[in-house]
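The structures considered in this document are given below.
Across the two complexes that follow, chain A remains constant while its partner is chain B and subsequently chain C.
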Partner chain A sequence: MNRLKKWVNSPRFSDVVASVGAIIVGLIFGLVILLITNAQQAFPAFFTILKGGFSGGAKGIGEVLYMATPLILTGLSVGFAFKTGLFNIGASGQLIVGGFVAILVGVKGEALGSYQWIVAFLGAMAAGAVWAAVPGILKAVFNVHEVISSIMMNYIGMYLVNMLVVEMVYDKLKNQSLIIKETAELPTWGLDKITQGSGLNAGFLIAILFVIITYIILNKTVFGYELIACGHNPEASKYAGIKAKRNIVLAMVIAGALAGAAGALMYLASTGKHIRVVDVLANEGFMGIPIALLGLSNPIGVFFAAIFIAYITIGGFYMQLFDFVPEIIDIMIASIIYFSAFALIAKNLIAYILKRQKKKEKDKPIEEVKEAKK
Partner chain B sequence: MDILAFLIQQTMFFSIPLLVVALGGMFSERSGVVNIALEGIMIMGAFVSMMAISVLQDTMQGQGLLLIALSVAALAGMAFSLLHAYASINMKADQVISGTALNMFAPAFAIFVARTVQETHTKDINFTNTFRIESVPVLGKIPVIGPWLFQNAYITTYIGIAILIISAILLYKTKFGLRLRACGEHPQAADSVGVNVYKIRYAGVLISGALAGIGGLIFVIPTSTNFSATVSGYGFLALAVLIFGQWKPKRILFAAFFFGFMKTISAAYSGIPALKDLDISSGIYKMIPYIITLFVLAISSKNSQSPKAAGIPYDVGKR
Partner chain C sequence: MDYVIEMLGITKSFPGILANDNISLQLRRGEIHALLGENGAGKSTLMSILFGLYKPDKGIIKKNGKEIQISNPNDANDYGIGMVHQHFKLVHNFTVLENIIMGVETTRRGFLKLDEARKKVVDLSHKYNLFIDPDALISDITVGMQQRVEIIKMLYRDNEILIFDEPTAMLTPQEIKELMNIMRDLAKEGKSILFITHKLDEIKQVADRCTVLQKGKYIDTLDVADTSKEKFSELMVGRKIEFTVIKDKAKTGNVVLSVKNLTVKSKHSEKPVVKNVSFNVKAGEVVCLAGIDGNGQSELVYAITGLEKVTAGAIELNGKDITKSSIRRKSNSGMSHIPEDRHKHGLILEYSLAKNLVLQSYYKKEFQTYGFLRFKEITKYANKLIEQFDIRSGQGAKTLTRSMSGGNQQKAIVAREIDKDPELLVAVQPTRGLDVGAIEYIHKQLVKQRDKNKAIFLVSLELEEVMNVSDRILVIYEGEIVADLDPKSVTMEDLGLYMSGAKREEKAV
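Let's turn to the complex of A and B:
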């Protein structure tokens, strides 16, 4: 009971309450839109969204986890950068260059045999890291704001990958990248069978592994402590002898590697995803932002946030039965993010309420004593 | 039609929206509110005004309809940007997060409404382009310049130029402009002499909303025959133009035309014999504006002239 009380009074509690509050308000906002469009079907449709992947049974749950896999990693990517005080809006570009390298190795690297998918995966991480290093170095050396340089890198990455796909691994008929070799596909380790034929594969377990790794880096190592210190107060950490510039570059490199890994897990799945040659930025990268925000940049929080986002997205997929357009999910997610931007106010409010309650408790005995005296 | 005239006309189509939206961003950022929601506001402005056009185009055509659509776009952009203003000014929210939320919201909303409302159940809103001016009376007949600037044109081009001139005057020659700039540099100082920082910042964000809304519409009209809930990253490009232009109208004009020209080259290089012979992939041309922006940022950011208080919520207590 005491531990619970302690937790309730810690800042982390108000963080969680703010996130959950934003989710609830966002969902209600979505419900209102459903009601406006078609009042009769609104509630069944809304409950289908809430039921999410469960509507599809074991397969549905498998699909949720499969969909969550790259989202966990892009969420980790954005969240890791957040912890260091950097906004990595470039996960999209890092993801697509990573995905391209994975596909390139997956198509051309037959000689690697059963190591092919591992090489493809590591190559993708390296490519994402390189892509994120550019904004990192620009920030550290030239003081360029990482948001604008990452946005530029997103577009450069997209156009470059489109160009290279056409030149190197092009399926002209379908205007997309070629199918990867079977040895390059991620192993399924029976996960697809457990979930009755969903796309779930080893990628999900790899994503969990990365959740654990980033958690350890951030919370249990000196390096992670330095990164977080830089994020909280760059001036003070510089004074304490932390090499801020080096840490900025390293944080971006790690964030990029995570986004690159997301690209690999997306395009190495046996369910056959391909890079389509169209001038559109990869959306999975941008989804990392709301996930990191909802997960409070905490690796474990990110894990659950990614599953939540995948869960309601699949819910939105099933909701189409009621003749609603699935984009309602994106509207909900956007409004959740909008309301989570109010977190500061919400946190202050919660802190204020808790303080007042505490004060009341403190004041109580004195009043009782006073009354007793009378 | 000779190639030069064609290139100049095309450059106009790409540059003017960038110019207008970047000017919008300028008003917001110089008042002290970072606005990365430009992309979303453009989509919202384009979407609402396109809906208006598709409803009205049976009863009216031509420039009158375009002017109505432009006002609708401006209003829609303003209304949408209110969300950003409220979050970043009243709620002291992280402005980048709020902007990201708007950027996510706009395309989802546009697709959702278009597919729900339209009988075809598609996200595309088609329109008949009755807005092109074959040749401006009198001016179009001027030799050399006539075909360049006054043929195959849209009134949006001239409106864009007008917005530039008005913006420059507003920013540098009026009381409002001075106050706006003061709020972006040192809001506490502005407050101490009686300027209402909140009001000025609201004005800055609303102007940026109106201009970004207009920018969305004038991006779609000359370059397409339908609107499918995207402005192809032009809002982000406008952000780059804004920084490239160092938050100053004249430089923004230069930057917008540079970007517009590069976009034109990447879209039309196969029609230009000299470039076609070089045999460079179109991807390279598409990447060049972004790569150059990175270089310019690297060179110019050390002594960047960004508004000092941009992105920081105004807190009366911090003096």
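Let's turn to the complex of A and C:
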């Protein structure tokens, strides 16, 4: 009970409440839109969204987690950079170059045998890291804002990958990349069977591993200490002798590697995803931004935010049953993000309410109040 | 008795701290009433309540005997309460006149009527001897004139209760004298003044009565004329205070810091702000750089500590050239730096106190193994410093630094930098914004370091500190060192003249 009280009074509590509040308000906003477009079907449709991925039983859960896998990683990518004071809007480009390298190794690297998927995966991380290093170096050396340069790198990445797919691993008939070899596919470790034939595979576990790793880097290491210090106060970091420039580049490289890993996990799945040669930026990359916001850049928060977004996106696929377009989910996600951007206001509001409640205790002598707080 | 403002039984608590505990303050019409207390004694909280920034948990405020509610600064203004904040609230690229009328502009059909305003401002400035230039830009005028602008701002709004929050912190001795005269004139005209300070000399000079607070509690209200300085400080701190720093004659050793022909260019222009400066600091002495704010002190310190690049010249530490060394290198070869701006450079406010206390040493073996921070050791170390340096905070080592009081933030920095046991300690205004108790403590620490045969390079704007602590005084004026003085043989007045550029020693380089 005391632990609970302590948690309720901690700043983390109001963070969580703010994010959950944003989700609830966003969902209600979505309901209003449903009511406006088709009042009769609105409520059944809304409950389907709430039931989301779980309406499909174990398989549904599997699909949600499968879909969440790359989102977790792009969310981590953006969130990690946020912690260092950088806005990595280039996760999309990093993801696609990573995905391309994974496919390239997956198609051509037969000689690697059972190591093929591992090499493909590591190659993808390296490619994403290189892609993010460019804006990182530009920022550190020439003070070019990383938002501008990483947006540029998104387009360069997309067109370059389109070109290279056509040159190297092209399936002319389908206008997409070739099918990867079986040894390049991510192992499923029985996860598909547990979830009754969903697309879930080892990628999800790898994503969890990365959640834990980024959490440890940020919170437990000297490196994380320096990164967050640079993010909060670059001047004081300089005063403490922290090499800010090196840290900017490293933070971008790690963020890029995470986004590259997302690309690998997407395109190495046995469900047969391909890079289609179209002029569209990878949406999974951009979804990293709202997920990082909703998860407050905390790796564990990002994990749950990604699963939630996957969950209601899958719920959205069922919207067509009720004569709605699935894009209604995009509107809901967008409004959730909007409200989570107002999280600060919500936080203050919660802090105010908590304070008001505390005031009721004010007639007690102060020592007692202090005791209660402990 | 004719009280213009009464604050009765004011109680206000913040998480973990009872800032004001049943405090009463009665302000007579036309008096100068000082409010004295250490950092964290609750002075600022009490004044913020009067100015409508906080709401008290308990207690009432009366004006002319009638109870009033002040829920925001506009209310305060309506009741004739005005405040000069410690850090002025002026728009730097506006003129003096524009700043004064801002918020209460007289307009006709949406257009400003500046002429009327100008007349009123000029009248006020004559009436109270507040010399200002209405058309000058704030960014071009001195701190003293900026303060006069703030005072006229209050008078322009017909305020009759004037709160001065540590008004002398930024001023030169001459300007302080002027301000004291202004305050007396204002009181003579019937204005009532609340004067927050922890400088006892100033209280003795101008105040009629003084209310003392200690750790959020009301101690006493005394007539200044009947009470000695020693008595005041005892009431404020709760123990006896030594005013003059007791120290033996300096036993100087080798040259620790040697600065040769140092020139530093301004960040904004090609003009040098530090011009061909040379000096030495030896082991076992406190050398103080005195000067009025903005004469190149900051840039000189930045160049020595590595925050800014050196344009020309050389810096040596213990005979080794460190002109181009990195900040980390300098720190590891025995240099500590208490920075001028604790929020900009000294602390990461979003970090806990413990994490800030290892800001210069987190990478050392004691606090990490294989790149992982050893939180147990860090907390243990932090608790040691917290106890040793009496750093007060709501929740100890894990307190968020942002939530701590300024004085305790400063103590944390001082603790961190002194505990490094450096060969050279560069301390820039280490006692800025601190109370006598803390100042005494920090001065003692500086002298203790000196007696351990360390070199101290102190930069200060406070004349008293300069005279008290240093073994040698260098005066900087417009980027040049104009005098090298012995504190025992120079008077405060002379020092003031050197600082303002009116006098210079020919032999000094």
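Assume the second predicted complex is superposed on the first by the 360 of 374 C-alpha atoms of A that agree within 3 Å, B and C clash if a C-alpha of one lies under 4 Å from a C-alpha of the other, contacts with A are read in each partner's own complex, and residues count from 1 in each chain.
What we mean here is this: a residue touches a chain if its C-beta (ideal position, glycine included) is under 8 Å from a C-beta of that chain, and two chains touch if they have at least 3 such contacts.
No experiment lies behind these values; they were computed from the predicted model shown.
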Touching partner for A:Tyr338 - first (chain B), second (chain C), both, neither: first
Touching partner for A:Tyr239 - first (chain B), second (chain C), both, neither: second
Touched partner set for A:Val17, first chain B, second chain C, both or neither: neither
Chain B or chain C, by number of chain A residues touched: B
Partner chain in contact with A:Ala58 - chain B first, chain C second, else both or neither: neither
Partner chain in contact with A:Ala229 - chain B first, chain C second, else both or neither: second
First (chain B), second (chain C), both or neither touched by A:Lys220: second
Complex contact set, residues of chain B against chain A: 36, 83, 87, 91-94, 96-98, 100-102, 104-105, 107-109, 111-112, 115-116, 230, 232-233, 236, 239-240, 243, 281-284, 286-287, 290-291, 293-294, 297-299, 301-302, 304
In the complex with chain C, residue positions of chain A that touch it: 220-223, 225, 228-229, 232-233, 235-241, 359, 362, 366, 369-370, 373
Sites on chain C touched by chain A in the complex: 13, 15-16, 18, 21, 57-58, 305, 307, 326-329, 331, 337, 339, 344-351, 355, 359-360, 362-363, 368, 371-373
Residues of chain A touching chain B in the complex: 33, 37, 87, 89, 134, 138, 142-145, 147-149, 151-153, 155-156, 159-160, 162-163, 166-167, 279-281, 286, 289-290, 293, 324-325, 327-331, 333-335, 337-338, 340-345
